[in-house]
Structures are given as C-alpha cells and as structure tokens.
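Labels run A, B, C and D following the written order; every chain starts at residue 1.
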C-alpha cells in the first residue's frame, strides 16, 4: 500500500505520520521524504507492506497533519487513462503494447484523435477510438466534445501522446493536475513550427524530450522527466526527427511509469519525483 | 546534520527514530528509508536541518532501536582519507584536485605508493607521499609497513586508487568496511592479466568500471557504483585502456562522493545507496 | 545506393574502389573505411547518391580488388526477416510495431514460436505465426521443422527475439552470418539459469544487454551492440528482470537498425560497425 | 599521419585524393568522408599508416582538388594552446592534469586570467600564469594586452576555460576558428545572469554543457560537443551549479580531444565531427 502526502512543513510531521502507521502495526518497506526549504513544503511517499482500509487511515493521518495537507492513502493502484493523439503513432503504440501486456501500470480506456490516422492501431488492441475533428468548429465546441468523451470514462489521467492541438486554459483547469504531455526539447531551445529543421541548421549534438504536467501553456508545466539522445553531423533533419521520436517514446514511458506508481508530487510549477 | 542507522527490521522503527527527533525539535529536511525484505534489514538516512550534540542524541535513539542497531549520528563531516597507489595517475590526480579545491568531501592525509612514480604529483599538492616498496620483502612485512603509516593518520577511509597489489585477508579485516577500490569491468567479464587485450579481441562495445568496498577478495565486495563508456571497432586495445581510465576516474569520484556524504550503507555483500 | 566491401588490406584499395565509382559519375555522399591492422583486413561502406545497375558495378569493382573480396553492391534495401520467439513479448512487440509502421528497415515474414504464447500478438499485426513445439521430439527434428518454415520465406536474417532454445552447430552453420540474438549481460557476468537472481544477490548497479550474431554458442558470436540500464538497491530481482527487458528491447532495436542499414561488417569473431 | 580536407563537392574527389595517396604507396588505416548535400560541401579525414613529407603531398593533393579546397596535411601533431580563465578552477585543473601527464594531445603554453585566483594552481604545474585585469581599462586595451600575450606564444588554439568576459568581434575575428569555449546549457534554455537559479526554479531534470568554437557571440558558434547530467528535486541551485561544473569539465575535455586529433571540421556555423 502507498501513502503520499504533501503539506506545509513543520517539525514532527514524519514522527506524526509514522506514529499513526506504527500504532496500526503497519510496516514501512520504503520511505522517502523531502522538504523544499524555499517553499517550506513537505513531501512524503511511504510504501507499506500490508494493505488496510484507506478511509479510516486517512482520517487518522489527517489528525496529525496541518489542515492544508493533501493525503492520498492507497491511491487507485491501477489508474484509468484516456489518450489523446493526432497522427504520430510512436508514443501511442508503446502505450498500447504496455497496456495490452499489463505492464503500463494503468488501463487505457479509450483513444481520442483529431484525425482518424491512429484508429486502426487502437482497434488492433481492442481499444475504443473516437475521432473528434477540430475542423469546421470553434475550439470551445471541439474541447466540449473531447471533454464529453473523457468524462464518460472518468480517467485518473489524460495523456497527450503527441496531441498537436493547443488546449484552452479552461480545459486545462477542468483537468488540473491530470494532463500529461510529451514534447521535444533542444539545447539551445528552438521555438516555432520546425524545431528539427532549426536544430539541424544549428548543428546540435543532442536532441531531447520533456514529459510534464500541463498547466496553462502547452509546453510548460511541472517537468516529470527529461532525457536526450545524441545526434551527429550525419543526421539529416529527417533523421533528427526520427531520433526525436525514439526519445519522446522513452521519456513518456518513463514519466507515465513514475506517475502511475504515485512517485510524482506536484507543487506550484515543480515536481518532486521519488524515483 | 546526518543520522544513519541500520538494524534488523521491525514495525515502528521510523516512528521511534523520528519521534526522538521531533521531541528535540529537530526538523527533517530529507529522509530515505529502505527495508531489505529478504534479509529483514532496516536502513535509514536522515538529513536534519539543525546541528545538535551527537552523543546525547545517539543515546536517545539507542533506546528506541533494536540492540543490534548501528547508529551514526553526525558522522565526521569531513572524513580523513589515505590513498594507496601504484603507478597509474588518473584516479589519484582527480582526487588531489578535488582535495585541493575542497570539493572532495574529505581530506587526503597522505599517499602511499609501492613505487615512487606518483610522488611528484602528490608533492605538487603538498600531500605527504610515502614509498613502501613490495620488493625484497614478504607480504606480511609489506603490509605491516603500510599499516604503520595508515595508523599514524587514523583515516576514516583507505582508497585504493589503482593500487595493484593484492591485500591479505588479515589486512582487509583490520580495516573492515573502510577500504574502497576501483577496478575495470567488462561485458562479458574477462579474468586474468590483460583484460583490455581480451576485451579488444572479443570486440566489446562497452567498457566499465566498478567501485566497491574491499572485503576478502580484491575485485569483490559490496558494489558502490558502476558505470560504462562506449567503445567501437576503431579502438585499439590501447585506446580501450585509455577509455577505461576515464571511466575508472569518474566512477571512483562518484563512489567517494556517495561514501563521504554518508549515503552508502553496507550489509553483508551489498550496499544500500541513498543517492 | 550502398556499397559494402571487405577484403585483405593492401595499398590502393580506396583509390581503386572510388576510381571505379568516379568513372561511373557516381557521387559519394558518405564513406567510412577501417583497417584492422592485426588481421590485415580492409572494411569499407560507401553511400552513393545515385542508383545504378548492381551487377555491372560489382564486376568493375571486382577487377580492382583482391580475389578474397566480399562485395555487396546495393544490398537488398528492405531485408526479409523471420523472428523466433518463446514466451517473452517485449522484443517481438517492438519489432512488430516498427514493422507495422514501416520503420523497421525490414519486412517481418513470419514469427515462429516453440510455444503459442505470442500467436495472438503476431496475428493482431497480420503476421503469420507458426508454433513448432520442442516437446516430444529430438532437437534434430525440432530444428528441421523450423528450418523448413524459414526456408519457405528465404529471409535475409533470422532474429532470435528471446528464443530460449539452444540451436545446434549444424543449424547455426546453415544460416551462418544471418542469425541475430539478444541476451542479458551483467557486470560481473553471471552464468547459469537465474542471472537476475544472481545479479540481485551480488548487488549490481547496472544491468546490460548484448545483441550479437550467433556463431557456435548461443550467447557468443560477434557483438553488434551493447548497452546498460542503472539499477539500485530498491530493485527486487523481479524489478531487475523488468529493467533487463527494457534494455534488451532497446539494444535489439538498435542492432537491427544497424544491420538492416548494412552498417555492420563481420570478420571472425568481431564486428566493424559504421554507425 | 592525418590528412583533413574540405572543399565544394563534386564527383571524383575521394578517387582523386586516394589516387594520390596510392601512387605514393601510402596505406589508409581509417577514412571518413561526409558530404553536406544542402551546402554541397565535401569533408574528409584520412588516417595514413606512414609518415611522409607534408608539403610535397599537399601540392599533389591540390592538383586534384577544387581551387577552394582547404587542405591540412599532417597538421601539427601536438598543438600549442593558451588557456583563458576567470575564477572557476574545474576546467583548468582538468586541462593542467592532462597536460602534465601528456594525455591532452596539446601543450599548454600559458594561462591568462583576468583575476589571479588560478595563478597558484597553474604554477603548481609549472605553467606560466599572466594576470590581465579588465578593471580600470576599456575593452580594447584589455583585449590588446591579452592578444599581446597570446601572440608571443603563437598557439594553435585558445581555450576559454570558464573565461567570463565577453570578447569583441574584432578579437574573435583575429583568432577566427581557433577559440574554443565551454558554457552551460539547459532544457529549456535560460538566458541571463543566473541560469542555475532559473533552472532550479523551473524544476529541470537535466543540466547540460556545450563546447563550441567562438564566432561572433560568446555562447554561439559551431557546436563541437554537448552532453547532459541528470538532476533531481533534491538538488539545490548550488548543487545544480556543482553538477554543471562536472559536466562542463567532461564536455570541454571531450571537445578538446576531438579538436586536437583533427576530428572536427568547421563550415559556416556547423561542425562535422569524425569521432
């Protein structure tokens, strides 16, 4: 069983929490705690050997914690996930394979695409696919249709697996803390429509990817995981794009693994990742 | 202040320890705990914001822990280190630089070499160098002379920075848990006098290094850190040896950093590394 | 168009080869040459901008090369591949995805398994699956059945994607230079039935994988690619096995990419990889 | 012996070059060629087994190459280097160690600092140190003094090992193609005075470093090498700075190794690196 808590920091929090657990005869297998001194914020993740009733334990923990504490006792061990896509298959296919063989740590409920390109691959894994075109409608209507589908499944997380439409602040706020995005990233950073072309022209030796929670802007929000892949002068901008897809797939897979195991705590624009 | 404890596992240990800390009004900035379920062994490292008297706190912690507990309260923040070398300079030079600029996390007391090759570089950094030749004497006498020097400095750790003599079980036992070694390692493993020649002949694509505590055998003992460096067909066996030295330097530096920050706990033939 | 040549080394080989190409008005986009001085062996890979008739060019190249030269002009740009599996899905699924989206650089002809475990995933991608059980028959018969299926498809390469039966020297000889295998590997190396259990007990900090051509022994033969993934004390032996699968998948994908782009030349027990 | 050439691309260049070498009975041990199709630019590096007179060979090569060809036959095997520093020791110390043990592939002639902070470490290795303060003088005078010292040593390369003054376009132009700089870099990029503070506030999971030739702007110019180091939520901005120094040291070392072995060819704002 996992317990994850964050609150403002004060002396005695670990003692209070683990005192409750000890009184219940619960054995701690692994514990990680971190205090952000600048924000005076306390974060803890406790892996407990036994299972027990969540609600009663949560009440007992509440009694020893500051009123602002966010407590997750035994969070849903198998999260429900909705995946949003556009046309690129690489991240979705990896998710579908892991989902199919039950190593994703979550259950994919459905895939929603603004094109029908990835309908075929979804159906090969018996996952419902919905096309919601963004064409000939305004963003509010487009997002309302997506939200309607999402809400039918009540997922724990919404994964933007190369979903190329920019979501409105309203949509993001509605699913606050639940939307995970993957995007390319570079050293130095390139802004605009053709980042790989720019990276090629700049002659970079690394291509990266960043997985993050979505807050207000598409490529901003608390970073969960980042990684890079080396490239050389022999990479065309097309080769760089291919390399970018490999690293995007790997970074999103890692970020989802961390999130689905309740290892990622978010506060303001940063994460604490108890890897 | 750092507190590091290991003992047999039982319910309530974290509560007991952190209860003592809370009563002293000590704030925990970072805590990591791990239980080895197979060995039923408990490991914890607590980073406390304040400083306080070590002995009194140790007594209070003892009272809430099993009798076999090994407790280190506020372990020596700047360890004393003696470095043993033979002829290769790469690891020693890196240690001397970090020592000189006070980023090693320890203070090098002296360097002992079975040749005088590295006397010059040691002296450039004002570090005493002692040559103890292994020639024309038996191992017992050789080791007794080294031990005599070591004991004069009473170091916390002895670093074998490419020391190429095999130490006797008696010597190792005398400094049990204090000797750190770096050695090359390969996929697959090569035994014998010319590992790089064998690696070259096998056409490996990786060369590795392993830093570990020395127990009974030179290249065995609890592993602290390992890392690899890629090689290609264009590497001669000499190039592989050069690459090997780069990775040995990096892995030893990392292992020493972890040990000197009291992040490495040893039990039987394994380590817990709270990185 | 790609030209790949190996032969004994002598002065003037590059001049001879590129002289032929220049006379044909063929432009070299990328060229890599390597001489193994110990074996006195010459290796070259030339990427030519234009396409041209292979046979005529091969004859002209033959005229300027030593009689032992192995010349591949414009090798089959899309290789045919047969995949052998047992029960583990991770490598096969990755290959099927890449094959399905035409980024594998080869076409999977069929999958052969000694169990039917992976029939379902193969069929989801419309790839023929044949079960050839090893039970109740001797190895000769088992291998004859497999060879019968393989030969029907006349593949360029046979990929052992976690195929757990040891192939006989006769079978390996029949497909000499065409069989690619992936296996776990460790620092230090562990031999025997439960390598992950041994790795866990040894407390390693790295887990690796090696992709190689199969010659006479299952886990030997010229190495194509190797890579590692870090592990910690918190990995159980089951977690290590999971990490091992991730790195096996990645290393096999990389090795296949290199082989299918004709970047890997084999001589005796080593490879030259023009990455 | 090494031959490095770049010129505009046309059919027959490799044949022409290697034809000259074959006529001289020179054996090619390793050859790498690359054509940038967008720039129509040809790059080649040839490693020849024997040594021979450079000037005669250069003339013969000139005869088979386009008039714009830049030919380096047997470039100075041990480059002369001047190092510019400010206060940070990490890159300089690594260079001094490699220089001292003759593994740098170049000879450090002197160190020039705008403070005297690194005089002591330079002198420990018997390397002349000159302080040229930037205070109480204008940039033209400051740079003239530095140039005066540099020109006394006529170095092949000027290494900015954490030299924190911005050089004028005139100074850069005077040493065009000879100045190598190392700087931190991030995903996403942070501009301004406190990049580590910004990286900390953004919660990045990677810190990088870029080594590059200096052209007009300090942190721009053709990239030679880039690499990253992972960081976590537990890194303070001070820890991030330390991690940044480690990766800066490693990346500069790698870039210098590549440049000093004549593996880096520059054209416009990009490099071809024949690693």
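Operating definition for what follows: contacts are C-beta pairs under 8 Å (C-beta built on N, C-alpha and C of every residue); 3 or more make two chains touch, one makes a residue touch a chain.
On a predicted model such as this, the values are computed, not experimentally measured, just so you know.
Undergrad: Which chains lie in contact with each of chain A and chain B?
TA: Shared contacts of chain A and chain B: C, D.
Undergrad: Once you count every C-beta pair in contact for both, which comes out on top, C-D or A-C?
TA: Ranking C-D and A-C by C-beta contacts puts C-D first.
Undergrad: Need the CA-centroid distance for the pair chain A / chain D, whole Å please.
TA: Inter-chain centre distance comes to 40 Å.
Undergrad: Any idea how many Å lie between the Cα centroids of chain A and chain C?
TA: Using C-alpha averages as centres, the distance is 35 Å.
Undergrad: Which residue numbers or ranges of chain C touch two or more of the other chains?
TA: Only 30, 34, 234 qualify.
Undergrad: Which residues of chain C touch chain B in their complex?
TA: The touching residues are 34, 36, 185-189, 201-206, 208, 210, 222-228, 232-234, 269-273, 275.
Undergrad: Spell out the residues on chain C that touch chain D in their complex, using ranges where they run on.
TA: Counting only chain C, the residues touching chain D are 9-16, 18-19, 21-22, 25-35, 37, 49.
Undergrad: Which bits of chain C are touching chain A when the two form their complex?
TA: 30, 89-90, 93-94, 97, 100-101, 103, 121, 124-125, 234, 242, 250
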